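Quick heads-up: structures coming right below.
Here chain A shows up in two complexes: once beside chain B, once beside chain C.
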Partner chain A sequence: MTKKKMIISQETMDVDFVRKVEALAGTSVRSCFQCGKCSAGCPMATFMEHPPNRIMRLLQLGQWQRVLAGRSIWYCVSCETCTTRCPNTVDLASIMDALRKLSWDSDGASKESYVQLANKLFLQNIRTYGRQYEMRLAAVFNVKSGQFLKDLMLGPKLIAKGKLKVFHSKNKNMSEIEKIFTRIEEMRKKGVAL
Partner chain B sequence: MSRIGVFICHCGENISRTVDVERVAEEVGRLPGVAFSTDYKYMCSDPGQTLVKKAIQEQKLSHVVVAACSPRMHEKTFRKAVEAAGLNPFLCEMANIREHCSWVHENREEATVKAIDIVGMMVERVKKNRILPTITVPVTKRALVIGGGIAGIQAALDIADCGHEVILVEREPSIGGHMAQLSETFPTLDCSQCIMTPKMVDVANHPKIKLYTYSEIELVEGYIGNFQVTIKKKARSVDEDKCTGCGVCMTKCPQKKIPNKFDQNIGMRTAIYVPFPQAVPNTPVIDRDNCTWFKTGKCGVCQKVCGPGAIDFEQQDTLIVEAVGAIVVSTGFDLYTIAEKPKGSPIKGYGEFGHGKIPDVIDGMTFERLASASGPTGGKILRPSDGKEPKQIVFIQCVGSRAREKGISYCSKVCCMYTAKHTMLYHHKVHDGQAYVFFMDARTPGKSYDEFWRRSIEEEEAVYIRGMVSRLYQKGDKIVVMGNDISVGVQVEIEADMVVLATAIQPQKGADALAQKLGISYDKYHFYSEAHAKLRPVECATAGIYLAGACQGPKDIPETVSQASAAAAKVMTLFSRDQMEREPIVARVREAGCVGCFACKKVCAYGAVEEKEIRDRQGNLIKIVAYVNPGVCAGCGTCQATCPSKSVELDGYTDEQIIAMIEAL
Partner chain C sequence: MKKLLDYSYYPGCSLHASASEYDLSTRELFKALGIGLTEVPDWFCCGATPAHNVDELLSLSLCAKNLELADKVEGDMAVACASCFSRLKTAQHVLGVSEVKRKQVEKAIDAPVKLDSNVKHLLEILAKDLGLERLAAAVNKPLSGLKVACYYGCLLTRPADVPNLDCAEAPTIMEKVIEAVGAETVAWTHRLECCGANFTLSRPGVVIQLTNAVLESAKAAGADCIMVGCPLCHGNLDIRQKEIEGVYNTSYGLPVFYLTQLIGISVGLGADKLGLDAMMVNPMPLLKEKGLL
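The block that comes next holds the complex of A and B.
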């Protein structure tokens, strides 16, 4: 990430973007007082160019381009350790969700295809079967991402331990599942859901 | 023959860990004159003291030596215990075998031998101790308060409300001090004037308070309970009794362009002026340096328009002597000079911030005057350079404070809070503006303080940037602020319309000179020193002088008011008795040997040495000798060391005693 000097003014601080993040995440960005506890406990912080606390700091200064230009938000695994431990009740995990959505919508440079692909396939599976069908998820992911042999040797081990089912079992109440998906889609169209 | 009792304390393990206390007790017990010696785990505890008392009665002891900690710790404790058992308290001495022995040694054998020596010396010394009677001195129940800021006002009101007379001396033409200059106060944002002026009026109207404004302390003589203070009342050129405070003189004065110090020199005043509309007393002063009459001998407009004829160009400075029993010093603070290194001071300036060169770089107090409804802009935040409203304003904290390189290493304590307040005041007055704050740490201990600071960020939208500013420079009509956000780790640049520097708090100029007049001590920054940082925070080491407010160290208003009331309580404790008792460790002059050279008088830091005439029965003067006033003497012993004829002795520390101690080694 660039170490370029920040020119701070009312024009360069995009407060509207921050407000959007706050509205989507339902939490305050300004509340963060930079204690660093989120980054201290984050299991993915070592992979991020901006650890969670710095993401908050950049948001406070309205520097969202710097946040979205990096991959940090896509490394977040939503474990919510940050949210659980924040001393000042900032829901950082929700902010990460909001940032990922805004990044996706803005078609930003940080569209990390594998993460997005995995998310998409995960949800497609749920929609089709009503529950997760891991075998299909892994197979389709490998095909679509072009890494045909990825983690292939793990398969037999997981099957032997009963962790991976060869055949799917479908939910009995598929119409209810479909209702959930359509409702969320409508909400997203209205902009009231992530 | 003396019957000395020696009591060796283990101090838990503090002493017994390195000193074989039982052996000390045994060996000391064999010394000539020692009738009884024992050891105990905690001599200062209730059973320990009972042990001492019982031994005095049962063993008919004549003197007591307690071998334990420093006399600074427990001398009083044991002297009290000895007194309770019927002995004169000054026949008890402490042998310090903790700080001087066990704490500083590791070898048990050597430490034990040293402890035996220390105790042996004190045994020889205590044999020569005299019975000393307690000294009583009368108390004048009037108090002097120096400085009429919020500290002085609070202390004066508290003492006066208790029924004692108070003399309040203020250097400026009005009381009120710095608090009167403030716009709003943290953490409640109530208007400073609104809470201040009623107290100022109370002072003016209080029957027990005598107010001397535009006056300074010239000389302080005497001692606790009996001070004589000479006050210089500077010529006001206006007769206070005749003046009605109508203000016509000020409207007619042709000199209208004099920078008003009260408005931090951004507002103007006339040559005859009151510093601010709510001034107490509301009597103007003629500034003789800027008055046309005093410069050229012409004009005199004020005199012509004054109905009651109060203008008096001939008025002179007058000296007034007041007798008081206690003094409260509340001279307050001054702000750090930012731009250049003040002459003769070890403290450096901040050339890199351009204060004084860039007109829109101001200090916090100037911002207070801009934000104040009674200030030069009527409460509008406007730039000094062109009168425009600044849309981007930068505040920089710790300017001077915590900057060892500049000569100040302390934290000024109030800047974090007042800067948070400034961002709020700015946000309330300039809705489309943005405030930025560069800070190192936010130090906000205090009731509702941290919440206040967080509010400035979370609700009032101030942007705080952690990191110090390197430099400020003018670019067109903007000021470029070069900083660094250490949370992100990148350089930050802001083009600001105005910059406010939270400058360090320093003691009032001339604080050292006043301290020398009062005989009180001060630190390297000239803040006055309290007697004990924790347990005697409002008293000076010099008896009868008390401290209140920022003259002792940076303080906010609540803390200043608390300290002022505490100082007042100490004064009232002193005034609760007609006579006061003093420890009789004082110097005595052997008149037969004194030749009247008065070398002792020259070295006495407390002014305790007086001249005394010796006359025969016919009244013929034989000689003049030195006399030490026991009420004033602090028992420092300097006179004893100085006297060329060895005619001064400090009770409890006589030459005879010291020699006996050396011989015991």
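The block that comes next holds the complex of A and C.
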């Protein structure tokens, strides 16, 4: 990654965005004093260009574009180790959720596409079937990500073991799940929910 | 027959597919122990990690809807999957703290949120509701000589103030349960480390690296097998084990049991009732060697 000089000034600091993150996550970004315990325990830090404590520092400085541009937030696996260990009770795992939501809503602000694709298909499955349909999830993921051969040898073995179901039944109360999705969409349209 | 205890059972999506042996062994074990399970009618997916990752309101609403559905069945809620358990407990926690979010969710599901219902993981039911003494009394075939590495993974205990199953950093509930049925447990470094969870679909390379560390640690501690209470952990440790052995040019050969399978063996249930044939790493040689099947 090429290093771009970071200029901290009133013009480059977007604190409104950070307030939104805090509201969504129900926790304080400002409480972090950079002890680094979150990054020390993070199983995914080695895969991130910004480890968790640096994400916190960038947020404190209002430099959220840098955070969203990379793949770090999508490489968080939601193991909750950071939240468990923070000495200042910052709920960092919820901050990651909030950042992903804001990135997701602004449609493709990040370079990481596979994790986002998996999430999208997962949520579509819930809306269509009410439950997860693992076979379909894996098959559509491979097609849409262009990895037709991914885990190809595993599929037949899993079917033989009864671990992938070829057929899937729909819930009887599917209209209720659709209503939940539409009510949330309506609330957002009216601006009464984030 | 009047059951000892009765629960509304929320299996979750995995237990109806990739973790069907967890579902089977849970139903059979609980039947053998005299614990009643009635499946929540027409339950929905809890949203798991993808929902809370990008849409908290949806995640909370799906969980609140399931709590409402579960309320129609008598008894506390029994949850098998660590991820479903974590999501349902988190929803109760968040909706209890934030009135704004609770009102939004109530609008989304068009019903009041059930904050007071008890959501329990199977481990909690076995260790606390049934109790270790009664569990020990049900044993017909003690798992003597079997060295078990108890793998908690992430979501059974973290974060500290949400699942309230056991201590977040030094839990012992799994060890207590499996020792109660005669097994030995090993002390090992990676029992609370993440296996990579749902990255198995999007970024399997990550899972291979993280899960390898877990397998390596269990093997180094002298474990014969690993015990889990989560279908995602199981999928990574069991289904991907052979692939991992290939990548790291090593051999682990560690069968990965669901807690209900191991306890099921100890109460005398047969392999067909525990879905042992669904495991990718064949447990039969180990179980025969220890005289358990």
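Everything that follows uses one rule, which is that the second predicted complex is superposed on the first by the 172 of 194 C-alpha atoms of A that agree within 3 Å, B and C clash if a C-alpha of one lies under 4 Å from a C-alpha of the other, contacts with A are read in each partner's own complex, and residues count from 1 in each chain.
The rule is simple: a residue touches a chain if its C-beta (ideal position, glycine included) is under 8 Å from a C-beta of that chain, and two chains touch if they have at least 3 such contacts.
Note that the structure is a prediction, hence the values are computed from the model and not measured.
Q: Does the chain A-based superposition show chain B and chain C clashing or fitting?
A: In the arrangement built by aligning on chain A, the partners chain C and chain B fit side by side.
Q: Please determine whether it is chain B or chain C that touches the greater number of chain A residues.
A: C
Q: Going by the contact rule set out at the top, does A:K165 touch chain B (first), chain C (second), both, or neither?
A: second
Q: Does the superposition put A:F33 against chain B (first), chain C (second), both, or neither?
A: In the superposition, A:F33 touches chain B alone.
Q: By the touch definition at the top of the document, which applies to A:S9: first (chain B), second (chain C), both, or neither?
A: first
Q: I'd like to know which partner A:D151 touches here: chain B for first, chain C for second, both or neither.
A: second
Q: Given the superposition on chain A, what is the angle at the CA centre of chain A with arms to the CA centres of chain B and chain C, as a multiple of 10 degrees?
A: Vertex chain A, arms to chain B and chain C: 90 degrees.
Q: Which partner chains sit in contact with A:R54 here, chain B, chain C, both or neither? Use first/second/both/neither.
A: First partner only, chain B.
Q: Considering only the touch criterion stated at the top, classify A:I177 as touching first (chain B), second (chain C), both, or neither.
A: second
Q: Once you lay one complex on the other using chain A, what is the shortest C-alpha distance from chain B to chain C, in Å?
A: 20
Q: In their complex, what parts of chain B are in touch with chain A?
A: 391-392, 434, 436, 454, 457-458, 461, 463, 465-466, 485, 487-495
Q: If we count contacts the way the header does, which residues on chain A are in touch with chain C in the complex?
A: Touch list, chain A to chain C: 24, 26, 43-44, 47, 75, 77-81, 83-85, 91, 93, 96-98, 100-101, 104, 114-119, 122-123, 125-126, 130-135, 137-138, 141, 150-151, 154, 157-158, 161-165, 171-173, 176-177, 179-181, 183-184, 187, 192-194.
Q: Give the list of chain A residues in touch with chain B in this complex.
A: For chain A paired with chain B, touching residues are 3-10, 13, 28, 30-31, 33-34, 53-54, 57-58, 60-61, 63.
Q: For chain C, which residues are in contact with chain A within the complex?
A: It comes out as residues 13-14, 16-20, 42-45, 47-58, 61-62, 65, 94, 97-98, 104, 107-110, 154-155, 158-160, 168-169, 193-194, 196-199, 201-204, 206, 210, 239, 243, 277-280.
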